[in-house]
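Order of writing sets the chain letters: A, B, C, D and E. Residues in each chain are counted from 1.
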Amino acid sequence: MSDSAQQNGSCLKIADLHGLYGDSHVLQGVSLQIARGEVVTIIGRNGAGKTTTLRAIMGLLDKRSGSINVWGREVIADPPERIAKLGVGYVPEERGIYATLDVTENLLLPPRVGEGGMALEEIFKLFPNLRERRRSQGTRLSGGEQQMLAIARVLRTGARLFLLDEPTEGLAPVIVQQIRQAIELMKQDGYTILLVEQNFRFAQRLADRHYVMERGRIVDMIARADVASQSARIQAYLGI
Amino acid sequence: MSLEILMGQVVVGLINGSFYALLSLGFAVIFGLLGIINVAQGTFYMLGAFGSWMLLNYAGIGYWPALILSPLIAGAVGVVLEKTLIARVYKLEHIYGLLLTYGLMMFIQGMFVYWFATAGRPYPVPLELRGGFDLGILFLPKYRGWVVVASVFFCFATWFAIEKTSLGRTLRAATENPQLTRAFGINVPALLTFGFGAGVALAGFAGVLAAPIYSVSPLMGGELVITVFAVVVVGGMGSILSAIVTGLSLGVVEGLTKVFYPPGANMVIFVIMFIVLLIKPAGLFGRER
Amino acid sequence: MPSTTQRDASSEVTLRMQNLTKEFRGFTAVRNLSLEIHRGTIHALIGPNGAGKTTVFNLATKFLNPTSGRVFFKGVDITPMQPADVARLGMVRSFQISAVFANLTVLENVRVALQRFRPDGFYFWRSERALDELNDRARALLTEVGLESLAERKAIELSYGRRRALEIATTLALDPELMLLDEPMSGLGQEDIGRITELIRKSAASRTVLMVEHNLSVVADLSDRITVLARGEILADGPYSEVSRDPAVVEAYLGSDHE
Amino acid sequence: MSTTSADPAHAQPASTKSLASFGLPPIVLYAVGLALLVAGPFFVYPLFLAKILCFCLFACAFNLLGSVGLLSFGHAAFFGASAYVAGHALKVWGLPFELGAVIGTAAATFLGVVFGYVAIRRQGLYFAMITLALAQMIYFLALQLPFTHAEDGLTGVPRGRILGLFDLNNLYVLYYTAAVIFVAGYLLIYRITHSTFGQILKAIREKEPRAISLGYRVNDYKLLVFVLSAALAGLAGATKTMVVQLASLTDVHWSTSGDVILMTLLGGSGTMFGPVVGAVVVEMLEFYLADSGLPIQAVIGAIFVVCILLFRRGIVGELSHLLDSKSRGKAG
Amino acid sequence: NDKVKIGVLTDLSGMYEAGAGNGSVEAAKMAAEEFGGKINGKPIEILAGDHQNKPDLGAAVANRWFDVDKVDAIAELVNSAVAFAVLDIAKQKNKAVLLAGAGSADFTGKACAPDNSVHWVYDSYELGAAIGAAVPQLGKKWFLLNADYAFGAAMEAGVRRALEAQGATVVGSLKHPLGTTDFSSYILQAKAANPDVLALNSGGPDTDNAIKAAREFGVNAKLVGFGVDLPSGIKGMGLDTAQGVWYVTPWVQRDDAETKAWVDKFMAARKVPPGSFQVGVYSAVKNYLKAVQATNSTDPKVVIAKMRETPVRDVFTDDGYLRPDGRMVHSVALMQIKTPAESKGEWDLSKVIAKLPGDKVFRPLADGGCPALAGK
């Protein structure tokens, strides 16, 4: 993608997105928009459709309609590999570590989709566990290590837009902290991040804006500045 | 039995083992990388042999060009089958791949019997490779020597392509979780098609190598696949190098059985497989998952 | 060296791990670990990722065999036992990644656990309708975890949080003396976390609980005692207030911005 | 290699679902089935129908293993071993059919214990491969033991009288005897899958580690169901020997193990009744194509390919799915 | 019964297809045509069935043919397991069986059914005896490579008996599993024993592959194959490989016009020359039909009795006769495969070395122990 395309307008723009699993109509007209360099979260209760939204963006849903625009390009009909090649990095909720590959192979699997991805050394510095276990079979890692691997894997590829689905699940606080720092750094470097999080405390410190999702729709949007004043509303959305 | 004769038998076993290795390799590629138990592997072997026979008889194309053409044709058949049929069962349990290829095997073999009947057909040994060397311990036909060289070369080339380049890991990932792999920007469908085609082409190659030694007939590959099954299981499923090594060693073991207890030659591989599975369930070289 | 006969000395101790070591192909996941879990307590096991917490669970429940060391449950040396037999003694675990019988109904899931106390597990000639006797008890358990209205649904149709609740109900059905819970809160939304915390508190009233959890507010809220594991070894041990102030724990696990 | 959906959060492949639900077709279908069973011999050649029933029982016995998520690639060993033993008992020892069937079934049961003990410790494909290896050994034994007569087969097995009264050479007596055996076997299998025991099998199939953690010694359950399946396959084999009056190497050949898998899948492995339909279809095809002049192997192969691609649930599975969605359509 | 029906039950899709299969069906049809498709006003109908080498299936088809389709006789039956099964049924239902491709000597021994069956072409005893009779041409030191199955064992017994009678010795013998593809190990062992004659006591593809391996590894001994009398099989090996191999065949193509015409007609339909099983089917069916015509009956007892009275003179043999135990006795021939130079045409593949009279090679009537004849 050219720099000019990134600069003018939004990096990701979704309009009236519908998505189905078999017969069940999960996404019922999602619309959202993220500008380049923004960190935006989607929050909402279990089953609201957050994961499904990310999967739809990646082209992993069998049936979807509406519009998904990545860097000015309509991708609603594109296969996943085409979308990824535009510079999109995806960390799935279920982590998607390959059992048939060892840790290094897992790391090296995704091909580069852009310039400036992290070097293996940098990644190992961020997640020392992975260095130590690099010969281990992917799924033999502990739960948290798998999560680290899933994140590390896309940092290498040079993607500019990241879709992170609950990246802190199952991670020790100290690692969560590291990941937060990493995301902050990425933000400074101009990466764009769409984050799905249950851990609102974590999301709160990172995000420019929060979209609230309920039953397959975006029902609200709260800017960073309003989080403090709107905490009651947020708590109601999250059922705290 | 003199030591010399025994050594001769070991050499002969190795020759036969290199066939097993080549066949198991194609099988292991398709199984290890695509998760399809390709029962039709023997049928593709037959296609390779028949292909070279047809090239010779209908087009006058000789052994050496056929050695390249026939596997390519078999591979192309594999590609078409993959695109139209096999691609639909990846996401299902392994057993559906097995059944689909079982059906294919019945169909292809049945049609060949229908068209060509079951009589064997001659395929001459190429002129350059007639005769043999006297190694002292045994008389080694040149053609058999060539078979060993060619299979070992191809085995290691394949091993290299799969284990030492990113191809193997990408293929494995593509089978394990195709959707996610696509989401990383890898064109999985094309890759799987290629993997299947390559595995089939290997079988076709083995078929061409076999054509001058065994009679070319529609039934030539039918039972072979069970032995190949066993080789792959003993070695450890999915591992390329182990398919090669196990293929070679089981060839030797089988050869020696033919000396010490000839009627047991068919069974010995299964007995070994049974014992191995008891002691090392993942196979001799397989990683336990 | 304590033996199985020392009943009185260990009467307070439900589970005792003694010098446990587990190696995976040269990698030591758990190193010479000794740990005692006291009856009637909620004991939390925390620590960085890859510290060996799940491995300890696997060793205690015999899903893995230790490279060396022994495990005693209620004073009995269970080191040579099979996992199913350990469960029969009254130590039941949950899994880090939720494990329910996906294509069975919610009610059936619980019934499978209850069925273990019946002699007819191998009676292939007895109609499954005999199991209807268990329905009342099963429904009661489901009510406890708030799933009574979903009893006839297949487990696979439940949301993640509800699946976790179902798993706990199934575990409770066995009325275990010791419950081992591996990250019961992971993947749950706030509302579920509250509910499951209460559930654990309630069910712990009459039994012992050992749990692994990264959600510190839950750990602080629930546990009587905490053991911090790092690199397969015990880093700290004690009540939350103490442990959370330990600088080593802060460095290895909690991180600087922990409040 | 990818393992079958270890991750429950993952979308389950459609097939697991179809393998999973042991759905029962409506009672009407059973009534129709029973009527066909009773009236059959008046329309179709009874001897042939009786033989089909043996294969139906064999396929159902095989499918029983599916209830605990196992797939055997060596079931011909039980079928064939019992066929030979029963044949020998009838022909050489001159025993009545009832005793021969009992001895044959006992032999299959014994083999089932031995095979099962070895095989159930492994899962998935390994299980399939071990059963195949063991069955191949039985095949080679059958080729070499004197009482099997190798490739000549054990032929001319006398049928005798059932209960000492009715001459089994009367095709109707023969047919109804086979029908009674089949129905009894089918009911037993139905009961096993819907028993207190069967409930635990389902749990084991769904999530073995969880079943273990609940305190079930899963291997004992697997062994028992394996032995039951072997015994019933043996009963089918013994009955077949009596019906067609011979036992041959085909009975222990690996392709017979393959055939029974195909029958089960074709009919619908996720259903109780599917294997029956599958067995009927396969046997009918072989039989009626035999003098059609068509290349049988190719035709059957093509049918399998089409079935696997288009009707994966199998015939019964597809039908009940169709009925299901229809009734849902009406309700909604 | 207003038709005369003969069912050709054979292997149409497996390993015996080439030697029997569709060629046998064709041969039976040719026999029927020679009667103008009618006997005493009744149409003759030839059915074809594929038993796939599955005895149960063969038995089921035979049952249906006899009961439902009212077939009078079943012919061919390559694969003895199927043949035994069908013979049992035919006995029960009093029908006729014309055995061509089945080779067990038990069909005229322990399992004989003189009122229901004729065994037309060959058997394991005859093959062994005929080969043994060739000792003068071949040599004294023999090595036997036997397929490990019942037929192989019977044939081996026959060979050993004949060798003993001729004063030859067996310097070694090996059993190999049926369906072996790679014979190099066995061939090396045989070579090490340095025999005059290496006898390949198997059939079909096994023999082909063994001969190929023997040639490759430079075995000097004379090769005798048992299952190589099929022209398309010899051609499949190629004369380069097959030249000089000795074998016994129950049928030799004679040089007369009748035979030539017949073979040409067969070739026009099938593209390949007939094998001995196929000619055997023709001969058996033709003689059966003749007897039906003469007796105007399809009762096997009556028909076969008539067949016994009539000498067999046709394309298949010029000196055959049917014995009381069901054995059709006829002379057989010791053959050798030609060198490429000797071969004068596509199908000119072998030459006759000696003609062996039937009475010398088939098992004597008294030695068979046919129970049905014991009382007579």
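The working rule: a residue touches a chain if its C-beta (ideal position, glycine included) is under 8 Å from a C-beta of that chain, and two chains touch if they have at least 3 such contacts.
These numbers were taken from a predicted model, which means no experiment stands behind them.
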{"item": "Third chains touching both chain D and chain A", "value": "B, C"}
{"item": "Target chain C, source chain B, minimum contact steps", "value": "2"}
{"item": "Steps needed, at fewest, to go from chain C to chain E via touching chains", "value": "2"}
{"item": "Between A-B and A-C, the pair joined by more C-beta contacts", "value": "A-C"}
{"item": "Chain at maximum distance from chain A, centres defined as averaged CA atoms", "value": "E"}
{"item": "Inter-centroid spacing, chain D versus chain C (mean Cα positions, whole Å)", "value": "41"}
{"item": "Mean-CA-position distance for chain E and chain A (Å)", "value": "75"}
{"item": "Whole-Å gap between the CA centroids of chain B and chain E", "value": "36"}
{"item": "For chain D, residues that touch 2 or more chains besides their own", "value": "1-3, 7, 9, 16, 140, 144, 295-297"}
{"item": "Chain A residues counted as touching two or more neighbouring chains", "value": "99-100"}
{"item": "Residues of chain C engaged with two or more neighbouring chains", "value": "97, 160"}
{"item": "Residues of chain E touching chain D in the complex", "value": "7, 12-13, 47-57, 59-61, 63-64, 67-68, 79-81, 84-85, 87-89, 92, 104, 106, 111, 148-151, 177-178"}
{"item": "Contact footprint of chain C on chain D as seen in their complex", "value": "7-9, 12, 16-17, 20-21, 191-192, 194-200, 202-203, 206-207, 209-218, 220-221, 224-225, 228"}
{"item": "Residue numbers on chain B that touch chain A, as the complex places them", "value": "166, 169-170, 172-173, 175-177, 179-188, 238, 287, 289"}
{"item": "Chain D partner contacts - residues on chain B that touch it in the complex", "value": "31-32, 35, 37, 85, 88-89, 91-96, 99-100, 102-111, 113-114, 175-177, 226, 229-230, 233, 237-238, 263-264, 266-267, 270-271, 273-274, 277-278, 281, 289"}
{"item": "Interface residues, chain C side, partner chain A - complex", "value": "24, 27, 46-51, 53-54, 96-97, 159-161, 183, 186-192, 194, 214, 216, 251-258"}
